[in-house]
Every structure is written in C-alpha cells, then in structure tokens.
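Down below are the structures I want you to see.
Two complexes are shown next, each including chain A; its partner changes from chain B in the first to chain C in the second.
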Partner chain A sequence: MLATAGLAVAAAAAYGLASRSAPGGVTGDSAAGLAFGIAAAGLMMFEGLLAARKRKRAWRLGRAATWMRGHIWLGVLAVPLVLFHSGFHSGGAITTILLVLFGLVTLSGLFGLALQQVLPRVMTARVEMETVFEQIPQVVAQLRKEAAERAAKTGDPVIAKVHREAIEPFLLSDGGRAQRLGDAGRSEAMFAELKRLVPLAHHETLADLAHICEERRQLALQARLHRWLHIWLLVHVPVSYALLLLVAAHAVMTLLY
Partner chain B sequence: MPDPIAEIRLDRGEPLNAEELSRLPFFQGPQARTLEKYPGAVVRRRFRKGEVVCREGEYGSTAFLILEGSVTVSIGAPMGHVRTAGGAGGLVRRIRSRLLGHKEDPRAGVGGRPIPIDAPVNLTTDKPVATLSAGSLFGEMTCLSFYPRSATVVAAEDCVLLEMLRNVLQILRKSPAFREQLETDYRARAMDEHLRSVPLLAGLSDAFLDRLRSKVSLVSYEPGQAICREGEPADAFYLIRIGFVRVARSFPGGEVVLAYLSRGDAFGEMGLLGEGAREATCSALDHVEVVRIAAEEFRAMTAEFPDIRARLEETASSRRRANLARAQQASGARLDEFLEQGLMQAQSLLVLDLERCTRCDECVRACADTHDGVTRLIRDGLRFDKYLVATSCRQCRDPLCMVGCPVGSIRRKDSLEIIIEDWCIGCGLCARNCPYGNINMHPVPLPGAAEAAAPPAAAPPAAAPASKAAVKTTRDKAITCDLCAHLEEPSCVVACPHEAAFRVQPGEFFAERIGPA
Partner chain C sequence: MARARTTKTLAKRIELDYFHKPHALRTWMRRLSWTAAGLAALVVLLALRPAGRIAWSSGGLTPPHALFQADCAACHARAAGGPVEDAACTACHAGPPHHEGASKAPACASCHEEHRGRPLLRVDDSHCTACHADLKSVPRPEPAASLTGSAVRSVAERVVSFPGGHPEFHAVSLGRDEGRLRLNHELHLKRDLKGLRGPVTLDCASCHAGDAEGRLMKPVDYETHCASCHPLTFESGDSLPAGTVVPHGDPAEALRRLVELYAGTAVAEDDAARAVDPVAIALARQRARRARLESPAYVPLSRPPGTERAFVVERVGLAVRILERQTCALCHGPGGGEPLPAAAPPPDGGSILPAPPVVPKPEIPPSWMPRARFAHRPHRALACTACHPAAGASQRTSDVLVPGREVCASCHHAGGGAPVTCVFCHGYHVAEENLLGPGRLGLPRHGLWIRGASAPSPPAPR
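Entry: the complex of A and B
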C-alpha cells in the first residue's frame, strides 16, 4: 500500500512538472504521456497475468496471495497513470471506450474486493451448517429424505399435512424468504403452533423438522452469499480481456499512425 | 499372486527361520510355526560396543529384544527449556532467548520426575541414562503405535539383539511364556522403580513393595478397548506402563473427554477412595499396557501409608473439582471442543480462516493439480472458532490409521508426513481407522487393464458389455495428504490468494483460543 501511494505521488509530481513545461498540457502522444501510457499498459498486462498464475497452481511462481496483493495495489496504481496518460481527456471513440472499460474493470474489481472483505465474515457468522457449494443440491436431497422419513414415522395426520403442504414445497424451493418457512421468525411461530396441535410424543420430530428447515434456510443463504462472492467476476474478467485487447490495438494504432 | 505380507522384510541383520527361532526363548511351540508366514519380519542383529541401535526422535516400526549383552539407553537432547527474556521486537526476542537448565530456572513439579521412555526403565532429568540387559524388550510403543523413538540406545558391550516388526511382537505378546517372563522381569527389575516414580506413591516401603510384587499384574488393552467403565464397581488401581489412556465422562448432551493419560500416570483412585463406583470411563487410545493393583491391595496400601492416602485423596478431590468445572463448561468450553475434535492429536492441521476465505476452492484445485488430478483435500470439516479444519491429513501424534494395516504399507517417513507405499492392497482399513475421514480410497487404473477390457476389434458389439464387466480395470488405493513434502510448502497454502489457508501446529496456533487447560 505504501509503495503504491509513494509511486502514485511520484507519478503525480512528474505529471505536474510535465504539465507545467508543456503549453497544452500532457497528452497521450507527448513524451510524458507516452511514458505514463506505457507504464499503465505494463501494469495492465501484469494484472492479466494473475489469471495465468491461477491456472498454474502447482508451479512455484510465488505465493498466490502475493500475486493477489500485487494485482490489487498495482491495479489501483494504474488508475492515476491512465488518467495522467490521457491528460484527463477522453479523446476519440476508441480511447473513450478504453476509459469506460478501464473504469468498469476498476470499479468491478473494487466492488469484488469489498464483497470479499465483508461476505466471508457474514457467511461464517450466519451459516454454521455451511457445506461445499457444489454439494448443496445433494445435501438438500438428503434433507428432503430425512424430513419425509421423520414425518411418515409419526403417523400423525397433522404432521403429514404440514410436511406435504409446507415443508416439502419449501425444501424443493430455493429456500428463499418468499416461502413461509424461509423466514426464521415465521418458521419458529409455525412450529410453536404445531406443538400445541400434536401429541407430546411427536415434539421431538417437530424439533427435527424445524432443524431441517433451519438447515435449508442456511444453505439458501449460503448459496446467495456464494453467488454474490463470485458474480462480480462475470463482469470483471471478460471486461478485463476486452480491455487488454483494446489496449493492444490502441498501442499498435498509436505506434503505426 | 504372491502374498503381499511376505514382502515385508527387515533389510538389516540375519533373517531367522522357524528352526532358529524355535531355539530362542519365547518362540518355542506354535509361535515359531506362525512366524514361518513372515520371513524377514524378525532378524538377529549384532552390535559392537559403542554402536548406535536407534536414535531418539527417529521414526521406526520395530522393537528390540536383547539376547546377549547390554545396552545403554539415554536422552542426548539438552535437558532444558527455552525461555524468552522479553524484548521489544521479534529479532530481539530471538537473540535473547536461551536454553536454561532446570536448576537454573526450576519449574514447579518437575524436580526429580522420571522421564517415561519406551523401555522397561525410566530416566531422570538429572541422569538421563540407564542400562538394559539380556531379556529386556524395548521399542514396543514405536513398534506397536509408530511413535518416534523416545531415547538413543547404544551397545554398552558387544551384544546380540532381535529386531522385530509389529506382527512378530504381537505374536510374542500373546505367548504365555513371554507374558510370564515379562511379568517376572517387571516385578524383579522395574516394578519398584515404576511404583516409586509415580509421585502419588512416593514413600512406599521396601516391605510393602515386596508384598505387592506377587500381587500386581500386567494387563494389555487393544486400541479403543475400555479399561474401566463409568458406574461400574471400582475394583482396581492402575498405573500406565505403555500407551495412552482416554478418560471420558458422560454428560447430558454427550461425552466429555476429561484427560489423556500416558506412561507414568495413574488412575482409578477416585472410585476406590469414593463411593466405590467408577466416575469416568477409561479406554485405551492405542496399544496400552497397565499395571493393575487390586482393590484390596490398594486399600491395604492406603491404610498402611497415611501420607500416600492423603496425597491420593487430595488428587482425587482436585480431579473431582476439575471434572465439575469441566461439566459446567461442557456446553461452551472450547477446550473440550478442541479435544473432542481430536485437534490435540494433530501435529499439523490445514486450517482455513473462514473470515478471509472466499470459497474460491483454489486450495482444492491446487491439491488436485499437484497430485495427478486427485485432490487430497476437501474444503469441509469441523469448525473451531472462525477456522475450518479442512478434511486433510493432520499428521496425528497417534496415527490410528496405521493400526492394523495388513501389509504395513502405511507408515510415517522420517518426518511428519504419512505415506502409503505402493504395495497398498486397497483394503480401506486405514481410511476406516482415520477418525477424521482424511484418508480416501481412490480407484486407480490397473496396468494393462484398458487393453484387457477393450473388446477385440472383430468381436460383435453385443459381446462388449460382458467383456467389460468381466475385467476389472481399476483398483482402490488409499491416498492421503503428504504435506507436499517434496516442495517447500504445501500447494494448498501457496495457491490461496487470500492468505486464508495455513498449515499450523494446533497446540501453538489455538493456544490463545482454548485458554488454560
């Protein structure tokens, strides 16, 4: 972080000096602007290497965490460099698109970083029964089986009806709050009411069924949080590739023409 | 196909055939015939004076019986502990850390306490050296439970030793002649020292020891076997000679582990001094051997030696208080959770900081990438505080996975990692024995099976299914985490982009979180 801040300050100082000496300010084709552009492009290429590093997990190319730190902080450093390169002007169509894509990549990256700081804590605190994400359908199937067995074992018509009309549909659903049992408070109230309607001997089964519903709610929450943890990558990664391609095109066109 | 068990051979010394064995003490009769099945599992080794038989800290899998001569048993490591003498930074602290002897920095309760080792003698901190003579057996715990060697053994004179693998030792331990000799030797040579080494029993007179000599018995227990059960009448007092004992008590909502006791510890006094019923269940964690003192002898001892009775009552009272406190904490005590999760057994745990982990599974993929596409790590398991103890080998101090492997293919190398040798027969016993589900059975293709399973080119299509069904193309093999020992760091740790994965020593890592024991 300190290195990034130091480099950003140094770049800002260089930009200030270059602006003073150039009558029209720094532009992309000025010497200073070109230097900023080359540095920014270099950083973007480094940013892109994280994906390659992740694909070669067994290779000893430094710890992935070090790469990630570099990805974050050098990515942040690229922001002032790009702005200094452009002289705070959007320029023509391609450079405008480049700036938009760069903004999207930066913002989606920062958004993802923020999510990754918050959501793991939320998931740890609120999803005690967390399982491997890909296993959720199997675990839910097991929960459905257990609920059906427990409800059938009692032979109680009230429990059978509740299982058929509320619990099974809830377990089959996405476990969200749209369902009555998707809300912990309403679920608790429903099971409390049921306790008054069924014999004492079946209260343990009711507790089991309530626990099964709680696990389903937690798995639903896990699935939602998991999606949020990774969904930003659907923007960040493809836009990053597009940005790199356009940067390459921009560099070639600039050098040729 | 050759019998895989016949493959296990000790590569040093002179292998003994059944005839030669039958001439040795304890091997006469059916034992010699049984051992014919294991050629090379017991060898005769000759050591010259000064030659090292085994070194402390080494991992091994054999026991030794002295046939001729004597050996010196000692601990070569400096007798002391590191004390950090303050300082502001880590570097300063490291520079100022130094080794202090127990005289220089005495610790409560350590003075004069014997050091239990894997031999029929104890060493002391003042003089960690002893001599074993012909007829003595040492290395039993290493042989039976794959513990590291507890001491260095050097030939005190030219000597002849029998070195044996676990299957031989187990046959020997079942031999009535050997058991009788073991008990006789114990009573004659080791019992006095053993009983007096137990702080609770310090002060026993020679006359009483003579009386006990013919009364005590050595009793062996297999891993998991109960030695005494909670609620049963208390009929004996026990001293542990070999192995680890788990002491647990039932509480509403489950069982709580109260303690793990090892060689030199004693148990059973609470029931005998109290209301006559066992207050906890004590069971063998591994291969355990205890010295059993019957209730009447125990009562005679406490009647004759009021000091000992007072010490025993004080100990029983403090254990009761501790158990009560433990019971009150049972629902929330993290130490119990720590023990119940078996974390104290582990030497190296893969933990994931769940507040940092983004569930990206890079660790799992890295493991698979490093191990031919088959992961040895599952990002699931027990939680302790904010940490997930991932389903990955813990390198247990007491590797229960090794108990019972019929071909001895699972073993610990000269370091922490556990390896499964190529001759694993895929019986799955180690996977079942692992209490933490960290060994998996994985189907591996049999050499040449693909060709054998494929239908001949000219065969009609209808013949293909029958052909495939008849030929088995894979064979299960046990796989477990090898800590990526060939690399500097485990791949799962290196590949984590969020610094959430660590390999840790649980005692140190969780020390602050579990609080005082």
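Entry: the complex of A and C
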C-alpha cells in the first residue's frame, strides 16, 4: 500500500511538472503522456496475468496471496496513470469506450474488494455448517432424505404431517425467509409448539428435524453470500478481456499515427 | 438418535469429482468473457474500415477540417510516432513567422491543438507564456521614444497573465503624448463655443468617428472637423473677400495659393507662357481670365502697371508671416504665442518669395496599441469617458488619454466576463513577409485577408 501510494504521488508530481512545462497540458501523444500510457498498459497486462496464475497453481510462481495483493494495489495505481495519460480528456470514440471499460473494471473490482472484506467474516460467524458451495444442492438432497427417514421412523401422525406440509416444502425451496421455517425464530417457535403435541419419545426426532432445518437455512445463507462474493466477477472478468483487447488495438493504432 | 456431524459423515456428502462438473458461475463467466472479447474484436474491425477510422481519433475535429476527418494521413505522417508536421499545415495555411528574433519556433500543432473539439484559434495562454514569461531571445533595442517611431520597440521581458502579470501599456508608460498638434480637449468640450456660424457645443463624436470595421477611430481630418471653426485665414486687410483661406496640409501649396490670390489683377495669359517665376505666371493667368470676362475669384485691384510684382511679393510675404505667427501657429506652433520655426533659406540664394511655413508633422499615431488587437465596436455600449475619463479635463497635448491596463482589467480579468486570453488581443503570426509555406489560405489577422492580396496596412502617421 505504501509503495502504491508513493508511486502514485511520484506520478502525480511528474504529471504536474509535465503540465507546467508543456503548453496546453499533457496529451496522450506527448512524451509524458506516452510514458503514463505505457505504464498503465503494462499494469493492465499484469492484472490479466492473475487469471493465468490462478489456473497454473502448480507452477508456484509466488504465493497466490501476493499475486492478489499485487493485482489490487497495482490496479489502483493504474487509475491515476490512465487519467494522466489521457490528460483528463475522454477523446474520441475508442478512447471513450476504453475509459468506460476501465471504469467498469475498476469499480467492479473495488466493489468485490469491499465485499471480500466483510462477507467472509459474516459467513464464518453465521454459517457454521458450511459446505462446498457447488455441492449445496447435493447436500440439501441428502438433508431431505435424512428428514424423511427420521420423520417416517417415528410413525407419529403429527410429525408426519409437519414433515409433509412444512419441512419437505421448505427443504425443496431455496431456503429463504418466505417460508416459515426459513426464519430461525419462527422455526424455533413451531418446533416448541410441536413438542407439546407429540410424545416425549419423539422429542429427539423433533430436535433432529429442527437441526436439519437450521442446516438448510445456513446453506441458503451460504449460497447467498457466495453469490454476492462472486457475482461482481461476471462484470469484472469479461470486461477486462474486452479492455485488454481494445488497449492493445489502441496502442497499435496510436503508434501507427 | 441425535444427528452426527462427523468429519466422515460430512465428507461422504461431497462428490469426489464435483470440481470437474460445470457450474453456473464459471459457465456464465466463460460465456460472457467470450462475448465481451468478441464484441471488442468487432469494434476493432469496424473501426479499421475506412469509414470507421474516425473512431480512432483522439477527439473531434474543428468544423473546417471535418471534410477530411476520415483521412488521417491528410495531416498525420505514417511514420511511427511524431507529431503532425508543419508542412501538412502550411500546405494550406501559410502562416508568417512570429518574430525574426525568436529563439525557437514551435510547431504549428503544438499551439493549434486539433482533436480537442474547440476552435484552433483558441490557443491556451501557456503557449505564449512559455516564452514570454521569461523572454530572453528578443533583441534588446533602445526603447522607442514614440509610438510612431519605426525603430524596433521594446518588448516586456515578463508577461504571465492579464492583468496581473502584464506590464502597463506602452503608450501609457511613456507618460506623455508625443503628438505635436496642440489641442485643448477641455476647451473644445465647453458649451457654446464661438463658431463661424454661431455658438457650437462639441462632444466626442463631433471629431472622433469609428472606422468602417468598427476598430479604431478614423484620423481627425482638418477639413471635416476643424475648418468650420479654424479657417486658415491670412489677410489682415480688406483686399480679399472675407473667409478667403489657403488650403491645409501642404505649405508649398498654400504658398502657391497665396501667390495666385494676390495676383488677382488681370495679366495676359500669353505672358504666362513666357514667364518663369511663379509670380509672373500667376499674374499672367489672372490677366487672361479677366480678359475673357470670367467671373474673377478675386477682387481686382487697381495697381499701376509695373508695380504688380512688388505688390504680390509684399502681400504674400505679409500673409506668410500671419500664417507663421498666428493661423498655423495656433495648432502647429510651440505655443505661448511663439511662431512656427523659421524656414531655412534656399541654397540658391532664394527667390523673391518667402519660403513656405515650416509646419511640424502632427505625429499622431494611427493606433495607440499597434501590437494589440482592439476594436471600439464591442465597447459601444460604454460612454467614451468610461475608458477615457481624463479627456474632458485635458488641457495639454501631452496628456495621455488612451486607457491603461487597469481600465481594461475592470472587465478583462478572470471571472470578469470579457475575454482575457493572450491571443484575444495579440496576434502571433504578425510578420507580413517570409510566409512559411505555399498555402493559399491566409490566416485571420485583424480581420480576414487572403494571400495574394496585400494585407491592409495601418495608415502612416501624419
């Protein structure tokens, strides 16, 4: 962070000096503007290498955490470099598109970064029964099977009715709060009421069914948190590919002219 | 039996090959990535077409250049890197250089920045102050004593902005008007002045009228503005009709007129062909005119034959002395009743006639700001005294009545509403010669001029 801040301050100072010495300010084709542009493009290329590093884990090209820190801080550094390169002008059609794409990539990345500072802690605190995200449907299916087996084993008509009308539909749903069992407080109240209606011998089964519902709620929360943690990538990654392609074309065309 | 959540039971719930199976997030990320890359490639391909090349432009072109906006090579060299070459500009626009003493001549494109979507003539002040903030390259002649001097005038060494970083205007900094025509503005602006046809009250517009372009004031003309109250009379007696005057502007012509006037006695024209000196010629012409019974312009005088020459010489001499001491000296003299300077005797010993009066040139500059571009027309909403407050109280010719920097700065300052850039008042391409290229399109300079026709020159000082 300190290095990024230092480099940003140095870049700003260089921009200030270049602006003062260049009548009309820094433009993309001036010496200073080109330097800023080349530096920004280089940083963007490095940013794109993170995806390759993630795919080639076996290569062990530095720690993944180090790569991620570099990706974040150098990405932040690219922002002032791009602005200095453009002279704070949007320019023509291609350069305007580039600025928009760069803005989308940066903002989506910062959004994801912010989420990643908060949501993992929430997940740790509130999803004790976390599982592999991609296996949540399979785990839920197993929970359904387990709940059905336990409810059938008691032979109690009340438990069977509750399972048929509340627990099974809840386990089949997305686990959201629209269902009665989707809310922990209401679920607890329902099972406390059931305890008065069923024999004492079946209270343990009721507790298991309540636990199954709790696990289902946690898995639903895990799915939601996981989607929030990763949905921004659907903007960040594709737009990055477009940005890199257009940056390369922009560099080639400006060198030609 | 209570639920058991052991590591084994939890692990058994997970499929061993789950990471090989497609997942919605990864699937959609892959699809969107290919789509975005494809769209970007499509944009690039569309922009590579001749009609699409404008997309690579770094900004909009100014309207006059829009006709070749899709032809980048019209201005940009195809070599890698490098700015637009001056030859591309001067092929159409032959801009004269700025100053022969300039240490460096910037490229056209360095000041006239295209692709900014604004007029090319809107040049940022930083282009000017790059040199003029600390000017060392301009030759340092002696400061000119007057605005009409043809010598190179001094150039301020440091100009960074207006008005704060701009020196006082040269005319004001001189401290005195070098004009040699005596004029008392306060006297002329009094009410009910004694005119030839009755009381006259003058105002600024009585003598000062703008030129056709609305830029400067037309020179004050004697015949138009002065003659009605200041006739060039010369006769103290009654030998000529009242109001007889000599012409203004050429003392030699005035002398000839005097001779013709006083030779009003009839002299045969055929004598004029044989005559040599101007008195004899005029006398002969007048005699011939009377002989043709033409209405004489002059009151014929009865002079004894043989005395006509002496009469004319005497009267012309008297008239010249009146002109030197009174009539011409009123405006062109040194003041205080002093006459005009005495004329030097001719080298050949002189004719019998006196030399014409020696009238100093008025030395009134055609423009008080020859290096600035000023126009009265945009200021027509203001009263004259708004910028020339001292005119009404000025009694001396030496009073400088042109406004100084602070008067202009009352509106022409940052945030004041009026333009305040260097190029708004000053031109860069000021030299008339040594055009830099073959271009046929001229550059605007105090208006439009087209190469091939001579640029309008300011009138010579009188």
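Throughout what follows, the second predicted complex is superposed on the first by the 257 of 257 C-alpha atoms of A that agree within 3 Å, B and C clash if a C-alpha of one lies under 4 Å from a C-alpha of the other, contacts with A are read in each partner's own complex, and residues count from 1 in each chain.
The criterion applied here is as follows: a residue touches a chain if its C-beta (ideal position, glycine included) is under 8 Å from a C-beta of that chain, and two chains touch if they have at least 3 such contacts.
For clarity, every value in this text was computed on a predicted model and none was experimentally measured.
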| item | value |
| --- | --- |
| Larger contact residue set on chain A - chain B or chain C | C |
| Which of chain B and chain C A:R196 touches, first, second, both or neither | neither |
| First (chain B), second (chain C), both or neither touched by A:A93 | second |
| Chain B versus chain C as contact partner of A:H230, first or second or both or neither | both |
| Touched partner set for A:M123, first chain B, second chain C, both or neither | first |
| Chain B versus chain C as contact partner of A:I212, first or second or both or neither | second |
| Touching partner for A:V132 - first (chain B), second (chain C), both, neither | both |
| Those residues of chain A which chain B touches in one complex and chain C touches in the other | 131-132, 135, 230 |
| Residues of chain A defined as touching chain C within the complex | 22-25, 27-29, 89, 91-95, 97, 129, 131-132, 134-135, 138-139, 142, 146, 204, 207-208, 211-212, 227, 230, 233-234, 237-239, 241-243, 245-246, 249-250, 253-257 |
| Contact set on chain B toward chain A in their complex | 354-360, 362, 365-366, 369-370, 378-380, 383, 386, 487-488, 491, 494-499 |
| Chain B partner contacts - residues on chain A that touch it in the complex | 54, 57-58, 60, 63-65, 67-68, 116, 119-121, 123-124, 128, 131-133, 135, 226, 229-230 |
| Residues of chain C touching chain A in the complex | 1-3, 5, 10, 13-15, 18-19, 21, 23, 25, 28-29, 32-33, 35-37, 39-41, 43-44, 47, 54-60, 72, 76, 78, 80-81, 83, 106, 110-111, 113, 115-116, 124, 126-130 |
